[in-house]
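Below, chain A partners chain B and then partners chain C, in two separate complexes.
Moving on to the complex of A and B:
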């Protein structure tokens, strides 16, 4: 609540972030259309993962960035979406559209059912309860024989020559999350989300049904993560609880959204591009210490870029404002 | 009946450790409003320190308790002074991620130094136990419980009687008023975070006596620490103790669950995180202030 007032005073605020940043993000998306033309399987997987993390980062951004409910359980929705594909595949239905559609429906229902008790919690309590949902779902799936338990399931759709299908499917999912975020942010829905983030009681006084809007934000964010999971499962070819509910899929999207800019339209994509790219390079050349680098990167980003890259575009007062923003929350 | 008594005793013995794990976590959370995701990593470092002292110099694990505390206290003090204090009043996401990043750093440094192999602290008395009325009690776990009770008692005395302890409690009640009375908040924050880390280190030493030591060992204890804090009531020493004992008993019974629905076999031992989440949600809905808690924000 008070925090946003502090940030506005030092020149940071707004509902979509810099329009220039959005244009840059969309231009980069168009460039990414060309990746499969190179017929390089490795690069295709790297960029498909970037698009996947971007879609998940947008999902997190909607509930954590716009609505101000910091969720640490988006991986539950990603995993649920992935298992939707696996179950359809096990029943002989090999269709990406069906996968994504089922994942969206299942996740929306899942989000409403879980959201009713969990969205009553605030702050730390909400964060840990959502963290618990991801861990608990992973535990439960690992014990369900119907879902392959901890040994996993094979998910197979097309042969290797047609792997570009997955790439374009993931591209479409990512584009849908970017455009979805843009239009939601500028609509009445987006203003309601931000109002809840700024001051839930005040929003309620203005006639915003906080519970309804919170659950809406949570359900849309769940669908975004679920759609990414639904495309990921067949593209990966195999699914088990440690893949579907990995700690990377949980934390990467959050760090990406923060590096790019929380509560902005372009931020999560830019953050995903930079972080997933950097992570890939580190993994390739420094396999033993790449997680160490990642930890250090989180610490540095949080301390020197707490509002993300996108906010630097619209900064009034340049470096002085930026320096001031660093000490705004000092003890 | 004897199985019931055995589960109950196992639960109480495990609960003593959980109480020490939760104590430091609860102080940091209650006083600075920071969820310290690096708590599990501090615990792991304490366990490795104990292992290394034992393996290299044959120091008895119980004697390394104060060493763990001092080393981890210093580490925590430095981390708070030079890193966390910069963003101590930022929205929760900031400190959440910062401590998560620190945790990744520490776990991966441990992975490089000690590799991922399982290590154990096996003393001459490790396997020894005694039996009362068909209930088996391992000596190490009993001493661990006694040490946990002693540590909780010392913390409670120190927080209520010492000058620094009072300054800490004053800071948690009203920062502005504490500052006006001459309390240096940044310094107090560093002491509190140091205490949190030191207590995690002590817990790590105690845990190394009964569990395997590896770089990822802290993670399961982190979410349990959170549940114990919520269960017992936030920021209070006796809350952490009661919460730890209650949760230890609940978990000891819940992990014994074993039944079959249709062809699906369900065993409680594989569902520890799900059990923690269920306990957490029930407490938050039924009694959000915890067993010992007063109404807090």
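Moving on to the complex of A and C:
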């Protein structure tokens, strides 16, 4: 009873989440434009990775957050996108636009083909099946000589002086995923996704072809992850299955979206900034036990802020309401 | 024009020998009846008589084991569930199913977006339509609230508004008045009459006898998955078979007792007239 009373006062922030949080996220994006100006190669990579994880988190947010199908297979799309760039590079094509375009097309098709059977599953079964996609693809690639098998292959690399190109490419990919999520959430499509998440049977009775819209969500989410992979591969200069299908690339985006706020426009980006930033600092100062702090942080945040950080932006009455909600959740 | 004129007066839904089996249980068997365009059909029967199953068959959620339901000549079992509302058939759920994290207005707008004329509506037009319907059902005051915040009567109203957002010709109402108090039932009936006046055919499943009698033009009675009676409300309720099956033998017995008590009172009054006591 108490919980609902508090939640009522806080408000839901609508289908996009708090508009203040979106403004904050976009402002931070503008600030991130300045990173390469510092000519600090390390920082540039750190922030490029944040943007990369953010783009993947947006991909996950669309299928897991908005549509309610918790996928553990987004890394498959990231890896597929990365290998698209590697293949183009092996054929002498050195163009980031071509990389991203190919990754999007390949991933959309891949998502439709895989989605038709997999999206019939729900809940845990869907999660397990998607986990299998990433593992299977990793093993397939590791056995394909054309893709360098498990020893990997070099991907074209612009000279060091123009390294910022990859940073800005990743920035653009991340921006596209944020804006894409915003416009999708506000469109008819967004309402179909949320209706499916809330109650698939009721959605069908309202005329929503659940299969079609689930596959749409899954395909767009695959394109988002694939675009990030397509920029990552040449930026990294080298690709092998353990890099392309790493467990970090699978888990980080999910945790980031949850930390920031599932099913919101600003959440994944804010989650990515905080989580990747914290991870970087913990690694720097507590290299041996940084995963312990990292894990503890995730547990605490999920316990005290189950609806994500973006939720705080929508609070009426600020921290006091939030503290009240904590006691309410316990009761 | 002539075709439209004919259908307006004729049969909207034709239910032919519908049977529905779940494992070894026939929840429905050999149910047949027609629903006229513009009418209000009341569907009654004891608990477990198959009313909700029939609703699920008509709305395309279940495919019948035998027989068929046709709407303007089209078999409903041939179209997928999500396309049934595009034919012009909408329904409400007995257990209300609002999209809890969306606002009341957004809930209704989803129907307007994907219903029968959804393809032609922009997001903005859908929200405008939703607002109209919320005013019509009396939910405009809570349009911005989360659907999960609504009281039971308001949730029922929301179900009706969501179904109306699909622009249906036929509306199936599965116990929209259950759990409402007397005043709320009156309001709900008024709302349904209004909907029917706008040309929407209604199929109403309800336990409240008074409500169903006052709104229906025809009543169909189900018992143990079979149709046991059909006709005008007064005739159906007078039928001994219905009284036996639906109201039960206890009701019959109580009527008998009441008659005896009334007779005894009359007898007593005759023996001791009030003037004698004065």
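The rule we apply is simple: the second predicted complex is superposed on the first by the 302 of 331 C-alpha atoms of A that agree within 3 Å, B and C clash if a C-alpha of one lies under 4 Å from a C-alpha of the other, contacts with A are read in each partner's own complex, and residues count from 1 in each chain.
Rule of thumb we're sticking to: a contact is a pair of C-beta atoms (placed from the backbone, for glycine too) under 8 Å apart; a residue touches a chain by one contact, two chains touch by 3 or more.
Computed from a prediction, not measured in an experiment: that's the story for all the values here.
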First (chain B), second (chain C), both or neither touched by A:187: second
Chain C versus chain B, contacts on chain A by residue: B
Partner chain in contact with A:323 - chain B first, chain C second, else both or neither: neither
Touched partner set for A:125, first chain B, second chain C, both or neither: first
Chain B versus chain C as contact partner of A:205, first or second or both or neither: second
Contacts of A:113 with chain B and chain C, given as first, second, both or neither: neither
First, second, both or neither for A:15, with chain B first and chain C second: second
Residues of chain A that lie at the interface with chain B and also at the interface with chain C: none
Sites on chain C touched by chain A in the complex: 59, 61, 80-86, 90-91, 93, 97-103, 106, 109-111, 113-116, 118, 123, 126, 145-146, 148-149, 162, 165-166
Parts of chain A lying in touch with chain B, wherever the complex brings them together: 3, 64, 70, 72, 117-118, 120-121, 123-125, 127-129, 131-133, 135-136, 138-140, 142-146, 251, 254-255, 258, 262, 288-289, 291-292, 294-299, 302-303, 306, 326-331
In the complex with chain C, residue positions of chain A that touch it: 4, 8, 12, 14-15, 186-188, 191-192, 194-195, 198-199, 201-210, 263
Interface residues, chain B side, partner chain A - complex: 29, 33, 35, 83, 85-94, 96-98, 100-105, 107-109, 112, 185-186, 189, 223, 226, 230, 263-267, 270-274, 276-278, 280-281, 284-285
